[in-house]
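Read through the structures below before going on.
What follows is chain A paired twice: with chain B in the first complex and chain C in the second.
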Partner chain A sequence: MAASPFASRSPSMTVASPNTLRLRAGVTDWPPRPAFTSKPLAKADQELTEQLNEDVRQKYVKDKKLGEGTYAVVFLGYLRNDPASKVAIKKIKVNAEYKDGLTMDAIREVKYLQELSHPNVIALHDVFSSKDQNLNLVLEFLPRGDLEMLIKDSDIQYGLADIKAWMGMLARGVWFCHENFVLHRDIKPNNLLIASDGEVKLADFGLARSFADPYLNMTHQVITRWYRPPELLYGRDNTPVPWTYDQISKICDAFGTPTEANWPGVSKLPNYIPTDPASIVPLQGREFFYRQFPTAGPVGADLLMAMCSLDPRNRITAVEALRHHWWTIDPRPTRNEDLPQKQKSGAKKMGDDLSRRGGQIDDGPFKNAARQLDFGAMK
Partner chain B sequence: MASRNGVDRRDDDEVCPVCKSSRYLNPNMRFLINPECYHKMCESCVDRIFSSGPSSCPVAGCRKTLRKNRFRAQTFEDIGVEREVDIRRRVMHILNRREDEFDSKRNYDDFLEQREEIIANLVSRIDVAKTEAQLQAYASENMDSIRANQALEEEEASTFQARVTKEQEEARQRRQAERDRLDAERREMQAGREDFLSRLASGSSADAGKIAREGHKVLLKKSSARRSEEDRIRQKQAALRGSETKRTGTTLSSVEKSGDSGLIKGLRKIKTPEPEKPYDPFMGYVPEKRDYYTLKQSYPSGYLDRIRNDPQAQAGGYDLREYYSRTLLEAFAGLGVFVEEEVTRRDVSQAAATEGAAVAVEE
Partner chain C sequence: MIEDDIYRTSSQFRLWSYTEASLRSLREKTNAIASERVRAALRRAKEAHQSTTSANGTPQTGSDGEGKKMDDKEIDCLTPEEELAFVRFYCEKTLELGETYKPALPTMVRATAIQYLKRFYLTNSPMTYHPKSIMACALFLATKTDNYYMSLRQFAEGIPGKKPTTQEEVIGPEFLLMQGLRFTFDVRHPFRGLEGGIMELQAIAEGQGQPGPHLTHQTPQQLQQKLLAISPGPVRASSISDRIGRAHGTTREILKTAAQMTDAYFLYTPSQIWLSALLLADRPLAEFYLDTKLGGPLTSTDIKPDPSDLQNPLYDLRTKLLRVLTDCSALLQAYQPLSSDPGQMADLQRIAKKHHHCLNPEKKLAPKRTPAGTEASPAPASESETERLAKKRKLEAEKARSSQDIFGPELVTERTKQ
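Up next is the complex of A and B:
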């Protein structure tokens, strides 16, 4: 679905509907009105915005619920004048945490999604508010689940060409965000949804922000922790959380221990945990990646190594990754229509993914169990 | 074999037009023709005249050069029919377009008519040279498509043949199974009856009615069990057949390539698949496209010196080049955008598109 089935992709274009045209024409064509005070003008303005909102709202029909989370409810919907079209309507739960106003996630999502228009980024068709002041995002409907579903399904066989195709789409999505100075900050298999034509799309911009100016420190408490890079783990927090160390030790065991030699200045990072010199794991070379990921081949191992470099200055950017010659060597990436897919409907999965709050994982061991009282702790 | 019979049916007083020997004297005489001129002569004449290489036709007035290997037995008694069938076979061999290659039924019918016309021309010797030239040109230009269609035809013929033999075999098996079933039934009936009689003979007269009833019940039970078993087998076979036809149904494929000879009109435009372009990791987007400036590696700025020398920021991965890139892009972003032009253009297109709505506005 590279081309959206709708006339407008960005919400700002919805003004072009015939109803609003009439309305606007009505305003401008009016005979010179008597000098009006500011009060009726404000009223007219308000009515105009309400009218516009109403027009957008009337364009869509909500169908069944796809999923519900703490942050949002996702519905399946369609265009009123084209029932064959499908959209996902994400209704943000208002006043969940922010008593006055919208949550940051919703603002970020609207702010960045309406700017980004790329085949590998989920499209935001419209935004409207429903009667109880709830914010509704009309998003592209991506019915084939997410990448996590594919990874976890052991029945699905995929090869290097398929991985290449998926990786390419992911890298393009990320690159497009970075090209437009948007940081997604929560890239993980859950947030990579698959469209009906097999295209992988980056979704959930609830943690996104634009690139920071110098001296404006960004938080390092972003990105679902499994996918967090070491420099964020060594970030500016003075109260280390237990798992931070655990995560770092995992990275060190796998890729090597960060030292001043392979990452100049690392010990200056506020949350740096010095490692015992005896247990330093040397930085892993290309052979390690080749051994770990034999399917990728020597060239693919080279790309992986460049992407997993400990020192962020040596890590390749999304553009550089896409310019790597691994993409052009054999095998050629699979075409979208030939990619392996899960037979089960992914619509519910989309509902779950979109209603999740950014930076969270919902598959802990007791995901659906009621919380239990811990009597052992109250001795 | 058929031609043999044909020869045998001929009159006994037939005479070879070349050597004048008659069947009366030579009952095994066979007549051969050559599709060059269709003059009939006996086998011994062909051997005699053409064994030492090509020679001209011995019939008076015919100057055609004939070769021995082209001689064959006649299929049809009427030499005119024989000739027409030959011509038809040859033309159909070359002009072997199929209906699905045309974009409409009408064009296919036109093609069929054109083919008949060519055949008629050749048969009745009208514009032979021109028609032949056309045919040859077409044949050389459309070599691939002709060959592909021939292969398709052969495949169809062979699958048809296979299906026919399969059906015959299945029918035979069904008949055999039915016969076996009847035999078994008869044997069982016989055995049951014998058993029943022997029990009657050995038992007392009081039991007779009971034994008779039991025997009847056993027979009924057996036959119904057999019937359900047969049903089960039949269903299984039907399911098997269904899956087989499904599999064979999809094997037909069409490999075609068009040659534009101009002889046949209305052929479907066949899209030759474009050679696959090399994979573009950016899918057509141009990375870092900047119209009005080129990005330098570093810009002198007192404001940025502190962060440049801050090891913490550097080690944390803060890259000033991203800041340069963004600031410059934002500084130049508005250039080349002429809002007024875009607005007028948009208004014009909108006015055209929503004229109906505009009329509604007027009232």
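Up next is the complex of A and C:
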């Protein structure tokens, strides 16, 4: 049992990839010493709880602004006693529209990141409050942008080994969340940030939640729309039908139409939309996945098919995905240092990604849609 | 990676796990700092009071008694033990408050709120912040962190009392509370583990049991037979499944009460807590469960030991675990609700009276702007906080005018287009 409880999870204590951060000062925090012992009692001009917060706050220096969004302002920062170190300090904005205290996205993000310590999940080093009750999250600095940026850049060439490396890092991050009973609920390319050593990190836990306890139901109204699986689209939902239908029909065209034969019970789902028998698309086989994603190879196609099964009961879990033999066949995943990358700095991109609200797409007609739907779900 | 490794990365382990000695010393430290500050604040208040009364020339009758007492002797502060008893009373009140909602707030939410209170008062003193004002805030915060969403208005309206509780009173200390929690909101409860254990036991009872990961030689039939052969439980049950069900209920009750009010969460892990509670509820059943995981039996004489048990490599672990569980069981068993114990209640009244005289006057809401003698609001919010709330209200009013839809205006426009 931890005898010295007041160790902050300083950079040295998180299992972030060692190349990402060389925060030497963190070493002084291990073994952790209770911060309050260093304070002479006579100088107690603050309550113990305030002293502890002040100690954390004093560890960091805020530098230039990296980005600003509806949700937060992100600054570059460093450890006071190690100016060469780099961190991102995310200052959560007070949401004037939300009168019930700290907003749910901030609560979720802080709650889950405090618990998750894994090389493929963005590390939360510390949290402190600054004057006027501002919440500051000290996060791992991830300067190489996000996966969306790489996908959209037509100048960047990548092959099977690169995909395998990126997918592997994503799958490990997701597995670790699930192992800790945490559902991210907003996995998408611009929430996958890249560290200076190329490591991919799952970020933005503003929509996350724990697994429901046995016998309790969870809501369907989560995940940025475009990334939702069919069972959530068929679930209880307050959104207009045509849009849902459009997305469902796109999924059907690609993977096959859900029917009682390939997904027992699907027609009982609250928002199930029957398909005209004439236009039923048969369930797609391995060949389809191979045709669509030739780079993945036949074994990779097999993995993709297992991950995209219409019936969620047949869809493989994160740990099953990691046990698939595609990972061990040739080619081996690219080493992090050899992964393709953008030449220009992605620090601004990190600023943008971290200051955005969860469930939100950078632009487009459905901006904020997921966030507002999630509000509805909280009734 | 094993479960223990994962637990060690949790904030509950990193920040909120102690030995008995470290827990005591932390509480003493918090008490010492707060006492000093309370004394200084009361001295300042007295001086200010004296200067106003002498300037006015008319002594104020209302607060005379308090002033005299401070003249007579050094201000008598609460001891760490008294603070602990005082906070425990409000932990029990939190459980009751959660019960008054229709429907009652989930056990998990109430348990989280109680742990928030207990954690908050490790580095804050009830002499500085009255638990009465932190309690409701902790319960509301727990509804948010445990995914049981209700609006602040709905929550505030649900608080019983002669005078209605305002939304500001509930939310006022939120930031302060979060700071006291060191911005860790996750509480690992023993309930989920208990549910899993009960499911496993029921499966064994039905002949569907899975062997433990280290004792793979056990068949579902063997497990079932062993379960049916355990010594009788505390009460007569119609079937083994009924017995498991009763043990489940009793254990849950211990977890809801004793496990919350004592220091169990600070001293033991969630699995240790639920196993200890199960030992109290039905000892032979709990020991059987441990046997399926770690081998055994250790003490039983009425069951013929399995030959494989005799060289049980997990024997040391089993012995060590039993020692920890016995300690934890003793802690849980010693718990007596305050309300059902006249002795404790009388002591509590004495503490409350003493507390009244050593509550830090400077930690009430905006004391500088409150005229002397009038009662300050319990919410310890700063001036800027008050301004912020005013701004928020203004924005809300504007928002309400522009849209009545909870989904917000933007999406509504989107829908109209379609």
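In this text, the second predicted complex is superposed on the first by the 309 of 379 C-alpha atoms of A that agree within 3 Å, B and C clash if a C-alpha of one lies under 4 Å from a C-alpha of the other, contacts with A are read in each partner's own complex, and residues count from 1 in each chain.
Here is the rule we use: a contact is a pair of C-beta atoms (placed from the backbone, for glycine too) under 8 Å apart; a residue touches a chain by one contact, two chains touch by 3 or more.
The structure presented is a predicted model; accordingly, all values stated were derived computationally and were not measured.
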(message) By the touch definition at the top of the document, which applies to A:I151: first (chain B), second (chain C), both, or neither?
(response) neither
(message) For A:A254, using the defined touch cut-off, is the partner it touches chain B, chain C, both, or neither? Pick first, second, both or neither.
(response) neither
(request) Name the contact category of A:E179: first (chain B only), second (chain C only), both, or neither. (result) both
(request) Identify the partner contact of A:K111: answer first if only chain B is touched, second if only chain C is, both if each is, neither if none is. (result) second
(request) Quick one: classify A:T49 as touching chain B (first), chain C (second), both or neither. (result) second
(request) Counting touched residues of chain A, say whether chain B or chain C comes out ahead. (result) C
(message) Between chain B and chain C, whom does A:L322 touch in the aligned arrangement: first, second, both, or neither?
(response) first
(message) So in the superposed three-chain picture, is A:G101 touching just chain B, just chain C, both, or none of them (first/second/both/neither)?
(response) second
(request) Overlap the chain B and chain C contact sets on chain A and report the shared residues. (result) 179, 181, 213-214
(message) So in the complex, the part of chain B that touches chain A is made up of which residues?
(response) 276, 278-279, 281-283, 285, 287-288, 303-304, 306-307, 311-320, 322-323, 325-326, 329, 350, 354, 357-358, 360-361
(message) Touching residues of chain A toward chain C in the complex: what are they?
(response) 1-7, 9, 34, 36, 41, 44, 47-50, 52-53, 94, 96-97, 99-102, 104, 107, 110-112, 114-117, 127-129, 132-133, 135, 179-181, 209-210, 213-214, 238, 240, 242-243, 365-369, 372-373, 375-376, 378-379
(message) Under the definition above, what is the set of chain C residues touching chain A in their complex?
(response) 1, 6, 9-11, 13-19, 22, 26, 29-30, 32-34, 36-37, 108, 120, 123-125, 128, 140-141, 144-145, 147, 149, 151-152, 167, 171, 174-175, 178-180, 182-186, 191-192, 195, 199, 267, 382, 384-385, 388, 391-393, 395-396, 399, 406-408, 410-411, 414-415, 418
(request) Going by the contact rule at the top, pick out the chain A residues touching chain B in the complex. (result) 16, 18, 21-22, 25-26, 29, 118-119, 168, 171-172, 175-176, 179, 181, 211-215, 229, 231, 234-235, 263-266, 268-270, 311-313, 315, 319, 322-324, 327-328, 332-333
